[in-house]
């Protein structure tokens, strides 16, 4: 955390990477992993904090970006746990392209180097050598733990905690605390990174929404609507409000001068300055001035529109002016804050920015927002556990849904899984869930069904289903993608050549069936990362370490004398799963690390199966004879290219869907009205899939709960007279907003559906004919800004 | 060439007789040497006026735009590539066309021939790959056609039609290992001041007649950007910056679509080598996207569609 | 009238003499083409070229011409009020202009110098220009000046006519302007006018005999506008047209122009630029309606204007001097000679 | 050249670089006052016209980022 | 040499919104130099180039009457670059007027005649000029009966509403207002297109009756046959054209119809004159 602040532009060193003690720029930095995690000796935190590996890598990479390639970054670690989406690729990149040193080791002491602020790290490598290395700076990757007060609070609330003091939740109820009506999310439930925390948050909101659904819309108030004044055809009367922002702007920019200057600009009827434009009383004053002076367009020269545009637009609305007749001049973030040593130049720049804003606002026209009805039904694609939970969550909140499953049964991958890590029997839970879904009158299940065509857009999709030799068109308002993933069928390790070589799911099947052969086994071997974390599948399948370890424990419990070997690259039992890893070791499961360049090999001779692997401690090959080889094969996404096309959704190079935002929008797409959950997003265990299913449902409800939605007025539109029908807009739009007109005098010309348009302007820029215009960013408006840059009016 | 011509006339006559097309689009003999005129033939009897020789450099695709009838069109390699682009861009439908493909051995460059004689050229005839020039005083000269090819034809990679329904002769061998971009690399290697001077000189004689634009089959917009009035952002006078802006943006509009048919250069009354602009973008499209225009009906040019996996290495 | 003989040696010294009083223009190689250019201090007109690619009309009527200036700064006086530009320059002398191009100025004058309105820019420029024509000993194959009321030795519109005699020119002044110029150039080796006339006469006959290209215009005046306008051949005539401005911009008699304001900051100018009836924009209404929206109507307009409307309006022949430029330069071989003959011989059924 | 102050027009995507420029302000990073930002809804909106026109208007540089 | 391209500087005296959709505004101009007003001696039916420095010029029919002194008035429809800019100008702004240009309605010929004015939409401007001119006490006796048929899309789109009401009250002029359609219960005049109302209200033809038509092409197209039906000779149907113009003085070459230049030889032509020209308007 402290290091993050040093790297931050707003941190104590202004983003300059220096050692705090002597302000020296470090040349060598070490990160020490697992400080306060995976450690019973010093801190009693047996769990893995799940996020630190990735943070350390990120910090190292960013440090290099700050300070150049000369900076030496070393990360001391035990297992590298980059199990998140796109993390493995980042890790690989850090290792191979950025030159970050990853040192698998145990650090035992850090000694200050006499007479300097440097530190010497003493560590033991895997092969047992003791080495010293001196660093300018050491960053401790300190783990996460629950503060005492929270533990206290939990007691008061009567919430049960785990041994690691995280809130206890169940795999199938990942956000339910032990007490009904109290839901948990984020790191309180277990150590986790941002996307997972965001997922949990949405899921918790969904869970809360489920029990509150009967109270929905009982406390809403209708805001008073101020009639909009028709300003079309009127001469622009521009008001300019220049904000001092306390001293944030006025401390550098001569604000009265700027506001006086603004008065001289064309069409400006009124200009003034404010201490804080965003304060409520200033807002009221502005609304009053707009009315008094008959202003019909407003420029606020202040901070950034990214945060304050909506606020001022609201002020315009309150004054009866269309909210799009507004422009901000960013004289704080882009001016006073960044030119504080040249107040004169900053004042000149502020004038330029105001002049540009005035030039643009004069050209702006009132815009209408398209209003559309929302069909309050959801389509859930995929009848696996995620899809089922999503549909059920929606139903609990009162919304209908259709589940489309290409298979003949519901349940997906969960059907093949034996137990959860907390020893719940998956089949029992799944049966209950399927029963809940199939008996729910609000959920319609379509088995053996695929999707043929999708028309429409957010609020009004029309999807053609094909199943059982019939086609049905389902109207729906939102879509949840829960298409899932499946186990990779290995081609390595002689798989398929011997019945003793099986996959993890095959082993689950044997466990489910209580296969008697399991008890007979003398020896069992697991090989991890089969098909994951290499070559064309450069991602971690996330679930396999835990799965194999859990199954190893199961086997040990069946037959404690069985010799069990787990051949792995890094053990990734993130969070409290680490406890299982520990338990397995306690039970005598033998863990042997192999390197990706030197994989184990399998030999079958005279009916005997033996596995050869180079032991990382002894550094020589050992041969294990075994009766059962379980391959922890990768989880690969189910093919979804067609669906991606239908809904205009992006897929990453591994075939997983790309969410709206990796951190902040994990359960939704950039395409409005389409949501994402489960292993179609990335490999994940059942609890995380369920959480994300709830999260996707929760995000979907934000749309479904509204009868109608308004789209932005800042969209593209086509003047058909100038359209040359070349089709470039249709081809280039990522959102399918343009189409050819099929009827009427402009048949064959293009048109844009304002509901689908995101206003990116790609079509506008691509249209050679100049037929496409952009409300809010039209050529004339941008040209006016451009001309205002170079034109000195007086 | 005369064999070509006969074959063209026969095919045109047959297509009209069989009512496969309503009109045939071809060339008729021009009124001055080295000039043929695009024409429409509507009845079988008139097909005899169709000609073919090395002066058919105008790209007839230009005349297809937005036509409604069924058309037989005589098309060289480059023309067919533009037909492809026209179909892709909804300017004509494939079903409307019977493409009479001409395996092309190149068109001759008027200016080069004019430069060979002191006096005015009175007549130019051709036989096989030889050109015989007669001047106004009766002097003659015979040269190899390849010496006087239009500069785009001498570096042509697609002499044969890429799409056709009829063929007037056997396909001709395509040239291999052509360096299409020698001139462009030379410009690219210039320092920016040199480049500036180069373009300044190159465009100094431009009279903004827009013949280059109008001869180009790609330029079919109802309102060209130079004519936009709301806002009018491009001056209409002889300001060199406005002239340059026109040429640059015209070239941009042809990026990924230009087939280097040479119509623009051929049309220029001031002999400006305007192809150097479009060729630069052609080179970029080849290098960045592996794209050559007008070879397939199934794909749109690289700058015409949105792909999440477009190369981004040039963004730095 | 004054006739002098200009020895080729005196030719260059005379021209340099002229340059102190006149801006001297003459044909010169520009890029790949020959055009009329203002000659530099030691530069001589290149008279080997048969005729320039573009007509010399731009010397009097530039393609872009500033008309007025203004400013929009409300803090200064006179804002938003147009002021005439000071376009005054030295008198111009155009050496080596062909008789056809000189005659063209006479036709264009009918447009710019009318009894109701006078175009001060054109008139001032024209009046300060002295045209020293070079008779065409070797007309081009596309020249048809003899059928347009002009000819290779035509004197109409010229101030001086030169005839190349190998090592000398015979120069015949036709106006006081021309006489002045000869004097300024100190080209004063007098030559017997009668001999000159006979040389010119034979030269003229010889040159005219070389002109094989002809158009017929005798029936044009008697036909009704509406009949020719409605003739069926216009679609065919216009078919190959690509709507470029080559024909109009290269033509010595096309005068159409557009007026545009250009501003930069508070400073602005009103300019006029050549325009072309080939462009759909030429007649496009603000409402989107276009009286000549179709290519055919624009091509028809060009030929009707030159060969019929002008003839009817001024009764001064057709608005074409037969220079052949549009025939040579049209990218798609639209040939005014063919069209003129079609119009002339058209008999409505 | 020492006193030369370029005028650079910066076309910034609303979703990334514009916000980044905001953050530069939040972080009080100091840079020369030569840039004038034009906010565009996405760099996809960027049209060759804008480059050409900006240069024609006399700016010294065009910076597109997003 | 007088420069015919040089506008007279004027100041906008006031701007009023002319129609409910604000697409038309009426501008009153005052000449900065009072002598220019004398030079700008015009007749009803002529037009002028409104010159907005920096934007350009537009030809607009003069809406004021020569009998109204001290100002000139134009009603401008917002359609292009110049008019859009003009619509955003305000009283006090300086610009230019160049003119008067073109011919006028043939007032000498019309003396002593019955006049039927047929107008539609925003082309009513020069007709207002003509009506005010004819109603001037000094001029009214020169004319016999005056009929005005004027239509607009809706009541709110009628120009010069106050004056229409005033003329309506007079007995020396017959005003027939019509709108294409309206749901205004207070609308007490005609509903229907101009040609239909013309057929009903226009006096039948006589050698002494002249019709002046000014309106959108579609109105003219359908009114012509009506007048023919009523017996009007083509010599007695007078129309005003609006072609794209730049110079306004017959030099720039774009506004011709046949050999006639609309800006200089027109814009007013009789139908029989137009019959002899190509229909390029």
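The first chain written gets the first letter, and so on, giving A, B, C, D and E; residue counts start at 1 in each chain.
Everything that follows uses one rule, which is that a contact is a pair of C-beta atoms (placed from the backbone, for glycine too) under 8 Å apart; a residue touches a chain by one contact, two chains touch by 3 or more.
Here the structure is a predicted model, which means the values were calculated and not measured.
**Student:** Which contact partners do chain D and chain E have in common?
**Tutor:** Chains that touch both chain D and chain E, as defined above, are A, B.
**Student:** Compute per-chain Cα centres, compare each with the mean of all protein Cα atoms, and return the closest chain.
**Tutor:** Of the chains present, the most centrally placed is D.
**Student:** Taking each chain's centre as the mean of its C-alpha atoms, give the chain farthest from chain A.
**Tutor:** C
**Student:** Measuring from the mean C-alpha position of chain B to the mean C-alpha position of chain E, what distance in angstrom results?
**Tutor:** 50
**Student:** Distance-wise, how many Å sit between the C-alpha centres of chain C and chain D, to the nearest whole number?
**Tutor:** Spacing between the chain centres: roughly 49 Å.
**Student:** Taking each chain's centre as the mean position of its Cα atoms, how many Å separate chain A from chain D?
**Tutor:** Inter-chain centre distance comes to 29 Å.
**Student:** Go ahead and note the Å separation of the Cα centroids belonging to chain A and chain C.
**Tutor:** Here the centre of chain C sits 72 Å away from the centre of chain A.
**Student:** Touching two or more other chains, which residues of chain E qualify?
**Tutor:** 80
**Student:** For chain B, what residues touch not just one other chain but two or more?
**Tutor:** Those would be 225, 230-231, 233.
**Student:** Could you list which residues of chain D touch at least two other chains?
**Tutor:** Residue numbers touching two or more other chains: 49, 53.
**Student:** In their complex, what parts of chain E are in touch with chain A?
**Tutor:** Going by the criterion above, the answer is residues 15, 17, 21-23, 78, 87-90.
**Student:** Show which residues of chain B lie in contact with chain C when the two form their complex.
**Tutor:** 30-32, 35-40, 58, 62-63, 111, 120, 122, 136, 201, 204-205, 207-211, 213-215, 227, 235-239, 266-267, 269-272
**Student:** In their complex, what parts of chain C are in touch with chain E?
**Tutor:** Contacts found on chain C: 67-68, 70, 72, 79-82, 84, 111-112, 114, 116-120, 123-124, 225-226, 229, 255-261, 263, 268, 270, 272, 275, 277, 282-287, 289, 291-292, 297, 301, 304-305, 308-310, 312-313.
**Student:** Can you list the residues on chain B that touch chain A in the complex?
**Tutor:** Checking each residue of chain B against chain A gives 88-91, 220-223, 225, 228, 230-231, 233, 253, 300, 303-306, 308-309.
**Student:** Chain D touches which residues of chain A in the complex?
**Tutor:** 8-10, 14-15, 304-307, 330, 332-335, 337-342, 345-346, 348-349, 352-353, 356, 714, 759-762, 764-765, 774, 776-777, 779, 782-783, 785-787, 789-791
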